[in-house]
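Both complexes shown next keep chain A, but they swap its partner, so chain B is in the first and chain C is in the second.
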Partner chain A sequence: MNQYIFHPFVLPFVLGMAFVLTYCLVGLVRIIAQLPKDDRKKLWRSLVTPKTAWANIRDLFGDCLFHVKIWKRNPILGYMHSAIAFGWFMIIVIGHVMLFTLKPLQGVEVEGFARTFTNFYYPIFYKHFATETPVFAFLMDFFLLVIISGILIAVVKKIYSKIVGVKRVTKFGFADNLVRFALWTIFPFRLIAEKSNIMAFWWLYSIDLMIFMCMLPFTRYMHIPTEALFILLQHAGLKAREPRKGYNLAQLYSCPSCGLCIDACPMSVNDKNSGNTSAYFMKMMRNGDSEDAKRIAETCLMCGKCVMICPVSIESCDIKWSQRAATPYYINSDHSYLDDCGCGDASNASNCKTPSVVYFAGCMTQLTPKIMRSMKQIMDAAGDDYEFLDKDGGICCGRPMLLSGKVAEAQAMIAKNTELIKKSGAKKLVLSCPICYKVFKDEYQLESIEIQHHTQYINELIKNGKLKVNKGDVNYVYHDPCELGRAFGVYDEPREVIENVGNLRKAKSEKELSICCGGSLGSFNLTQQERDEITQNSVNDLMFNNPDEIVTACPLCLKTFAKKSPVQVKDIAEIVCEKI
Partner chain B sequence: MKENILIIGGGAAGMEAATQLQKLGLNPIIVEKSEKLGGHIAQWDRLFPAFHPAKDVVDQMLDNVKGVDVRLNTQVTDIQRDNNGFKANLNNGEIIDAKAVVLATGFDLFKAERKQEYGYGIYNNVITSLELEKFFRTGKDERINNPKKIGFVHCVGARDVKVGNTYCSKVCCTTALKQACEMKEVFPDAEVYTFYMDLRMFGPGYEDLYLKTQKDYDVKCIRGRVCEVSEDMDGRLVIKAEDTLFGKPLRMTLDLLVLMCSMEKNKSIEAIQQKLGIANNSDGFMQNKDMYLGMNDSKQDGVFVAGTCTAPKSLPDTIGEARSVAVEVFNYINNK
Partner chain C sequence: MDFGFCLSPSSHVKIDSVDLTTFNHLKETNPDVNTCIACGSCTATCTAGNFTEMSFRRILLMLQRGKEAEAKKLIQHCMFCGKCTLVCPRGINIRKILLDITR
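Let's look at the complex of A and B:
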């Protein structure tokens, strides 16, 4: 074949490309085949439903190419990633568009099958084989330089990550480092080859591409093709099931190991534990390193901060949960007592009137009676008629069992509680514990009964004038419990309540960035000392503006902070009660 | 001239150390932050295991330190080393030069509010072991109103990972049994229960007290922790616990609940401790040099420790340590 149509240096690229396309196709079929039937149906339906189809298009561009979420968190990293990914994408697109305008250097045109073959590599090496119009030439050079500017930032980040605002970066093994090096050198080689037409650089460029594509499936760069699929699956509304199959497999391979979750994770306060963060967990799950992955799945506090901060929106807590569910822990549980459970508050039983509110304190609130007493006083002061469902002790909401992956055991309790709550006839369920709140919101089928955490309930009472409070001059700081804030976005109601009774000071990290108190039920195996370090870090963060008191809305956070706080820690119900 | 020895803390350890140091020909100076000497023990009514009046012991100790230089209502605000030993600034403006420092700073009682599930400060009928001693001394406590059923909870703030204290507070077991017997003496008709994890009757006569508690006083000892306390409609306390010997949860209604609060390190000394370079051990108490032959030495030259500042201890333990610290200080001064 004529050297102006073909040159052997294109072969490494052609090989790599053929390999990666085949691999991805097989992977795609495999993941879809692993989905349960219902999930598959959901996926097909979502592709043709206008609403999800639009969301797919929006996020495929917004997340895969422009990385909107990284821009929002850290503009420098956002630019770095967009420059490389979007720049590369544009070079590929423009290259293919150019096919129609390229003029062969020696006027040798190819036709038929040979034309299809040359089209495969022409856009990649076009400068060696053809000339282009000045507009295209400019665009190609422009995007190539954009990519190289992104790579420069990546190199700086690798040498000194703090410059780009990242404290800890993910540590990689040989394969990842090799591919990263290939990625960094692809574009400078291309630039030199295009400008000088020295054969050696065309070879280097092509070999780099081959290394990149042949190694891609075995490294973090697999996130490039997988993320697109993951976005479709996520929009179809699929949920984590088996730890390393179907939807979860797509999640695992969509993780780019960027490491933004390492700094975010509350466990990273101790350097030793920064290896327990989601970035490493995903890597271990991908590599089939099941013992370590299982350990991390059990260590995680399930605070959800990594999920919130993840630029790919990977639900790593759900993957950990499905890993737990797949582990046969021995729990000797006996739920026969559920059959004998009565129907709540005896004092209200004789009262035939249907209460408007049913209050469920939950086990943790039973251990913090100040909250219960404050809630009673608040409901009495507001004149709401309520039934105190677990006044004499109740049934667990089911969350601890769910956190250990024990679905059937949890469902037994959920069913009984549902029965008791419906029996009360109330239209509203008020909870004091965010741990309960999460499970009631996610798992209970209470139909028309409105579920509120007491922060929302109290805020409503104040707003509609049922509860009168006096504003004092105490400076409070509010701690967002993970399962109220990050899980359900209840950020404003507690703050509004606090501003009604005193002054609200800001913590260093607020709302979705709030740091777990360290007491979370989520973790099975963090030692007390490791938990204490997390608590101390969280307290320091809250004390940033020297508040007089720390206010939280979770009985577990309250008890945890009380150990380490230099100031008093109170529940939001307590401070409201003080100001009635 | 007699060498000055600065003793921080005027409780049992501080007084006894001062007594012995004086006998050894040195000049101890006690700096006590409260208005009188005696420390915690002066707030106690009777002592285990033989119901000996605490006042007798305290009075004798006070008598022994009569000639000792004592600064009451005084605290050390700053301390530095100099060529002659230590220079301590007191909050009354005085400066004391001393050759050696004895830390006899004792303990703080665990704040029962921190164990909110026991309801101290929330329910009227929950009191602490210290408050019960005060009732025995004065006969007055409006919360103690001819109770018919009384419970004692052991290990409040001790051996409890959740409050951050994993150590045993050593004296609460015996104190609880002593107080349970005393309650039976005051209210013979009352039923008295104690909820324990283990009963650690480590001293002479303590095990006998345990047998007597059950045989002569009919106190019922239940092995199991109380998990939560609430109030019923009549304001009586409803407790939930587990009887681990029967392997069954139990629920009981009580008129009075007494919390056996543990010892925690006295935090008010932290600043001075840091200036002297004394670290804490894993239980948060002060670290001594070693637990066998250097229990009164700290890792800093010329700084000694005695009593409950290093770990929870009984009164006899504390007195023993106070005497041994006097010998350590004496040898230190003579070998200088």
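Let's look at the complex of A and C:
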């Protein structure tokens, strides 16, 4: 072949490219083959359903190309990522468009297979082989400089991460660091090679590309190709099943280890525990289901903050849950006693008239009787026709058992509670505990019975005028319980209620950014001391604006905060009850 | 001739000869079991304890006396609701210990 259409320095690149394409193709087939039949059907259907197809296109462009979520999180971080990723994308696209206008140096034209082969690497090394038109030359140089500006920010971020609003960054191993170094040097080498045409730099440029491509499948950069597949799978409505197969595998490889979840995780308050965060968990799971990964899966509080903050929307809690479900527990559960336990009033209420509202306090509220008393007073004042389902002790809602990964055992409790609630004949179920609320909403088949958390119920009573409250002048701060806020977006109702009875002050982190109280039933491994650190951090965050009282809507948060709070902690029902 | 009277079977536990492997292992992996003061808060709040014999305090006692099988039988009733952990004045992570006993 003529020296002007081929040079050995293109070989490393061609090799790397061939490898990464083959690897991705095999990976794609593998993931799709691992999906259960129903899920695969769902996936094909979602690709042709207009609604999901549109969501796919929107997110493929928005997330994979323009990185909207990172921009929203932090503009400098957004620019850094977009400059490198979008800039590189543009160089590839413009390079391929330019193919049609390139004129080979010395007018050597190639045809047939040689033409196809040269097209493979021409756009990457075009300045060595061809002359280009000025417009394209400008665009290519422009985007190359954009990429380099992004890399400069990345270098500064490596030295001083606070510049992009990140306190802790992920610590990487050798492979990740090597690939990152290769990525950083690809573009400066390209610039020098293009401008000086020194052969050594063309070689360096090509070898850098090869290192990047060949190592890509074994590092965090695998998120580049996988994220596109992950978006399709997520929009198809697939759920996590086996810990390291199918949809979960796509999730694991889509994690860019960016480390935004490290700062977000409540466990990171203790530096020692910041290794338990999702970024590291995903990395361990990618490398195999080690004991460490299993331990982290059981240590996680399942507060969902990492899922909320993730720029790729990876459902890491679901992956941890599937890992829990896959770990054998050896307890031979025996819940047969549930069959003949009649709980509370509702079970023997056949001679009473049917209540319109049934109230389920739940285990945690049993430990905070003042919430139950307040709810009774509120319902009396509102004149609602109610029944307490578990006044004299009931059974667990099943959520903690479900959190431990044991679905069948949880179903025993769910079935019993469903039976009791349906027996009561009420049209509405009111719950005081967000832990119960989550499982009632997600798992219970209560058909026409409306499920409300007591914040929603009280808000409705006030709005309907059924409940008259007086506004006081106490300054409250509201803590969003994880399972009410992040899980169901119930942010406004409790705030409206509080504004009716007093002044609402803001916490430092609110709503979807609220910090777990540390008491979460999600974690099996955290010691009391570690939990206390989390609680203290969360209390400090709530005390940011010096409120007179902390208000929560979760009995577990209430109990947990009460240990560490400098001011009184009350449930929302209590403060309403005080103002009737 | 059976008059309907008999001696109840002996509940005598020979502390020197019982097998304490499980309990000793538990003490190593979860040192906080040593801090239990047997106050019974866990038993008083236990949701499953309302309907069954389930009681963490008793489970620990059984293990200390080498009655592993009986202890494991009680654990079967647990619903993992976490009330015991929440009320424990010594901050013992009871749910984890229950899981570890059976592992």
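Simple rule for what comes next: the second predicted complex is superposed on the first by the 570 of 580 C-alpha atoms of A that agree within 3 Å, B and C clash if a C-alpha of one lies under 4 Å from a C-alpha of the other, contacts with A are read in each partner's own complex, and residues count from 1 in each chain.
The definition used in the following text is that a residue touches a chain if its C-beta (ideal position, glycine included) is under 8 Å from a C-beta of that chain, and two chains touch if they have at least 3 such contacts.
A quick note: this is a predicted structure, and the numbers were derived from the prediction, not measured.
Peer 1: After the match on chain A, would you call chain B and chain C a fit or a clash?
Peer 2: Clash: chain B and chain C overlap once superposed on chain A.
Peer 1: Is A:332 contacted by the first partner chain B, the second partner chain C, both or neither?
Peer 2: second
Peer 1: Once chain A of both complexes is superposed, is A:525 in touch with chain B (first), chain C (second), both, or neither?
Peer 2: The answer is second: A:525 touches chain C but not chain B.
Peer 1: Once the structures are superposed on A, label A:127 by its partner contacts, choosing first (chain B), second (chain C), both or neither.
Peer 2: neither
Peer 1: Examine A:413 and indicate which partner it touches, taking first as chain B and second as chain C; both and neither are also allowed.
Peer 2: After superposing on A, A:413 lies in contact with chain C but is clear of chain B.
Peer 1: After lining up the shared chain so the two structures overlap, which partner does A:559 touch, if you call chain B first and chain C second: first, second, both or neither?
Peer 2: In the superposed model, A:559 contacts both chain B and chain C.
Peer 1: Who wins on chain A residues touched, chain B or chain C?
Peer 2: C
Peer 1: Thinking of the overlay built on chain A, is A:393 touched by chain B (first), by chain C (second), by both, or by neither?
Peer 2: In the superposition, A:393 touches chain B and chain C alike.
Peer 1: Should A:369 be classified as contacting the first partner (chain B), the second (chain C), both, or neither?
Peer 2: A:369 sits against chain B, while chain C stays out of touch.
Peer 1: Figure out whether A:171 sits in contact with chain B (first) or chain C (second), or with both, or with neither.
Peer 2: neither
Peer 1: Pick the chain B stretch that clashes with chain C in the superposition, from 223-231, 259-267 or 295-303.
Peer 2: So the stretch of chain B colliding with chain C after superposition is 223-231.
Peer 1: Report, in rising order, the residues of chain A that make contact with chain B in one complex and with chain C in the other.
Peer 2: Correct list for chain A: 366-367, 393, 528, 559.
Peer 1: Inside the complex, what are the residues of chain A that reach chain C?
Peer 2: Touch residues, chain A against chain C: 329-335, 337-338, 341, 363-364, 366-367, 393-396, 398, 400-401, 403-404, 413, 519, 521, 524-529, 556, 559-560.
Peer 1: For a test of understanding, state which residues of chain B touch chain A in their complex under the given definition.
Peer 2: Against chain A, the touching part of chain B is residues 114, 116-117, 119, 122-123, 161-164, 166, 227-231, 233, 240.
Peer 1: Write out the stretch or stretches of chain C touching chain A in their complex.
Peer 2: 32, 45, 47-48, 50-52, 72, 75-83, 86-87, 91-93, 95-96, 98-99, 102-103
Peer 1: Could you pull out which chain A residues touch chain B in their complex?
Peer 2: That would be residues 347, 366-370, 372-373, 393, 528, 532, 558-559, 562-563 of chain A.
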